[in-house]
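A, B, C and D label the chains in the order they appear, each numbered from 1.
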Amino acid sequence: MQIKEYQKIITEIYSNIKNVEDIGKVANYIPELGSVSADNFGIHITKINNETFGIGNFEEKFSIQSISKILTLALAYKLEGEKLWQRVDVEPSGNPFNSLQQLESDNGIPRNPFINAGAIVVCDVLISHLENPKEEFLAFCRELSNNATLNYSEKVAKSEKNTGFRNVALCNFIKSFGNIKNNVDKVLDFYFYICSLEMSCKELSKIFLFLADNNFKTHKEKRVITKSQVKRINAIMLTCGFYDESGEFAFRVGLSGKSGVGGGIVAIHPNGFCIAVWSPKLNKKGNSYKGMLFLEHFTTKTACSIF
Amino acid sequence: MQIKEYQKIITEIYSNIKNVEDIGKVANYIPELGSVSADNFGIHITKINNETFGIGNFEEKFSIQSISKILTLALAYKLEGEKLWQRVDVEPSGNPFNSLQQLESDNGIPRNPFINAGAIVVCDVLISHLENPKEEFLAFCRELSNNATLNYSEKVAKSEKNTGFRNVALCNFIKSFGNIKNNVDKVLDFYFYICSLEMSCKELSKIFLFLADNNFKTHKEKRVITKSQVKRINAIMLTCGFYDESGEFAFRVGLSGKSGVGGGIVAIHPNGFCIAVWSPKLNKKGNSYKGMLFLEHFTTKTACSIF
Amino acid sequence: MQIKEYQKIITEIYSNIKNVEDIGKVANYIPELGSVSADNFGIHITKINNETFGIGNFEEKFSIQSISKILTLALAYKLEGEKLWQRVDVEPSGNPFNSLQQLESDNGIPRNPFINAGAIVVCDVLISHLENPKEEFLAFCRELSNNATLNYSEKVAKSEKNTGFRNVALCNFIKSFGNIKNNVDKVLDFYFYICSLEMSCKELSKIFLFLADNNFKTHKEKRVITKSQVKRINAIMLTCGFYDESGEFAFRVGLSGKSGVGGGIVAIHPNGFCIAVWSPKLNKKGNSYKGMLFLEHFTTKTACSIF
Amino acid sequence: MQIKEYQKIITEIYSNIKNVEDIGKVANYIPELGSVSADNFGIHITKINNETFGIGNFEEKFSIQSISKILTLALAYKLEGEKLWQRVDVEPSGNPFNSLQQLESDNGIPRNPFINAGAIVVCDVLISHLENPKEEFLAFCRELSNNATLNYSEKVAKSEKNTGFRNVALCNFIKSFGNIKNNVDKVLDFYFYICSLEMSCKELSKIFLFLADNNFKTHKEKRVITKSQVKRINAIMLTCGFYDESGEFAFRVGLSGKSGVGGGIVAIHPNGFCIAVWSPKLNKKGNSYKGMLFLEHFTTKTACSIF
């Protein structure tokens, strides 16, 4: 489909949904997230041929939160290879994102890398590989997106650190099963920074092009991960990208995607495009209400579901 | 891809896997399944242009068991429309196929139509719509596949009836939440018959063409379900088709699919083909060991994953 | 303590509690229970020296429901001996009375004989021992209480049969683990009759004297169970007699006891007395609201807690 | 019963059990516990009239571990009164001692003060009341037992600190529900010290006399807690003192008691005596194998069960 056609469809759906009553709620478990204006609504699409289109608040940066879990996964998969799956599984959890109970029966192996427990283990894997995890991970993101302005939000990271008792619980619980190899405080510090990454829809739809384009190379002409790894990450996004609403997203939208409690969602059309949506109010399962609604209409109108 | 190319790839993988040691076990919870020869190994592909290729025991009928849950779902979705999802959800369960515990916290709404609990609710929906459920459902299957020889196995159905205490438990448990509307014995009798359907790989890859071909019509020139419904069933198959190994199948194979404890697996490539594999020995999660192995190699070699 | 002293204390507490607002609700999951007048309030104490005192509706018969589980346990323990505990455990469940989920992790061994699952297994044990279970069990009760008028309520038993889907689920679920040896319908029919037994507070406080009096013999001069068995049943009543409120009852009342959803409670003071209370409105955990309140005041005033 | 009679019975059972093969295992989750000689076996009884008798290694100090949870509970109950039960429940958990999953459904309110979660909340309550929690709690213990030599083991406390990831997880998890009011590190430090208390059987049977003797006063002539509070603590010990083996202890032994993973058990006979047993090898539920065996024989021979 031509970018003009996408532009037309996106603009139309954007207008319709902008005025829909938003029954969601802005995440407020850390003050920094709660202070964002609930009215923000932005969309940006980037095709693999680099044509782009954006509408609304698509250039405003926000806290991408769990969307960053794709980036840590990609780097850990690149560095650790298939051995990674001995430490974290690839199954949907059927439980909320920060649940501890499944870990108990699964002996400390998180169900997938997109629930908090799994992302914490992935951070632990990265720490074992990297000398300066925060710096090197940021460098990886900047190269991926050819964007030297990408950065963490110290404020969000610190806020998370002061209130993230459940993540501290998760990390110590996994450590008690032996599936965290490094110091718990170090792992959590890294994890909280990862989650504090800030990007706009425009930046998001660009950085995740490597999952849409099988032949993707960075501006330094480097492949990021293998074709097989790309497909596998897309598969995990489809089955596990939306916590206990992953089935609903596959059912209604039909694309691999990942949400964050900052209200962002990215979705991938293999060999087509990457699209990012942002609207801060979340439904009960913790996913952007208008974001999901937009993407449902979008795949219906463009018939671009992978199914 | 041309059928000749598929033929070459399938033949090669078939030869390699045929002699691999099979670490699975034939299901023996009902005697009729346990008596099947473990050596059976068959594959059959049907493209949407009706080109076909089969190898091994692809013409031998076997008990398709849970694969039939796609067919009851399709008919119930056709008859009930989107209201169906008030009675059954579309989320992966993260639990074994016959688990009762999730039903307790979910107030009798099964997680998806492919775990036993969900399929039983779907049967209940069908009974509310059909005068002679067994006959009319069989007629639906026969029309779908243009194959008047399709039939239930009375022997398997009765065997299941005598030993299926957990399914009786499931059905009564759901009834206690009010999510079974008809008589429990009637619902279970229908459910046990459904599971006893027998087909060969050849027949399976044909009957499920309606999920691969968006423009599918039966030999009577009737559409079965809408395009949107096709996509949605494919989405549920991807996220929920292999019980608590659904993520693994998406990860390794990358196609929508559904397994049965008889050792069969069907997989769908949208606008491409339907492929069926049969090998009776099951891995620990209840899915055909060689069937999964074959399909993993198959999508790798043909690069036909949807991701 | 003399019966006159008990009489004074009971009368006083009775008067105080009679007019307390009852925040409980009459059980209505079967119509026969729902139709009982919520105002009923009766108490009866029987000392081991056969002195007695009653007040309020202490001579009115009501559905003793789960209180009958002590009687089936006593008879099964007598007939089966310590082997009984291979079929049912003696641990508090920490879960509601009709939960299925624990059975799943415990492989079909119910946590204790006082949750429904455990009582159903006990019924199964009795059926294996008795030729005419209903008749012989009733004869056992009549001899225990020297009261030929004791009887089942056909109406309640049938009502339970028509609506007890969860108990049907429990029984089939346990059968699927092999821990029900007889026909499921037969076991459930017996179980529903057991639960339908009707007694007054007066009759209850007499029939359970065998748990209060170590030297108890029936009017036919027969011992019922051994001293050790009496103590052990009292222990199970203390740890498991009030579902997931057992700890609360031990904490507040400090006696072995057992409640039923008909609003009855019996409590035992070893070598002292048996007391029965009846008030139909139940608290959220399914135990008589005023019954528990009365007993708390009673053990406080009489200082007769076992602790 | 006279102390001479107890002496005879204890000596006899001690001799018999000493040579029984011990199928338990010494706890080794912290090195300091693992290094204790498995052959230790000591018993000491103290009657409320201060007559005593000991046999075996009854004067050797060991890590009392969870037995200390009774002491923290007693002090917190004294200081906080009935409000305490808004922070921790009094129900048996039906789960292992360090389980997190129940906390999730119970919103951070631990089931009882004797599972780790509950004891951690009790420590938090104490910290809110005490200026120097470690010193003041130790002073409380010393006054209770009139024994200035009682002390923590720094080595055990530090070892616990370095390896107690699951307790760190528990404390942070409860904090995430708002049921820990103080700094997590402070609470855990206190908790680890509490668990490291060391006493001999002789000292244990003396310090817990306040639960056996309704009229107990310390050597400074002070009452510790009210009679009602004594009874209630005894009730909780009976229903919750042995983790998910509490029912079994009530069933086989019939006394209120509490075990620790150091292999100690104390048991209370109201208005009779306190008895302490020590044997380091634990059964699968984490309770001293020989300790439970001894107490079962002891209450059988002395007929001193409370039931």
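Note that a residue touches a chain if its C-beta (ideal position, glycine included) is under 8 Å from a C-beta of that chain, and two chains touch if they have at least 3 such contacts.
The chain list, named the UniProt way, goes like this: A, B, C, D = Glutaminase.
What you see is a predicted model, and the numbers here were worked out from it, not measured in a lab.
Number of steps on the shortest path from chain B to chain D, with steps defined by chain touch: 2. With chains reduced to the mean position of their C-alpha atoms, the one farthest from chain C is A.
Distance between chain B and chain C, defined via averaged C-alpha coordinates, is recorded as 47 Å. Averaging Cα coordinates per chain places chain A and chain B 32 Å apart.
Distance between chain A and chain C, defined via averaged C-alpha coordinates, is recorded as 55 Å. The multi-chain contact residues of chain D, meaning those touching 2 or more other chains, do not exist; every residue touches at most one other chain. Chain pairs that touch one another are A-B, A-D, B-C, C-D.
Within the complex, the chain D residues that touch chain C are 89-95, 102, 111-112, 228, 230-232, 234-236, 238-240, 244-248, 250-251, 254, 256, 270, 300, 305-307. Chain D meets chain A in the complex at residues 99-101, 104, 165-166, 168-173, 175-176, 184.
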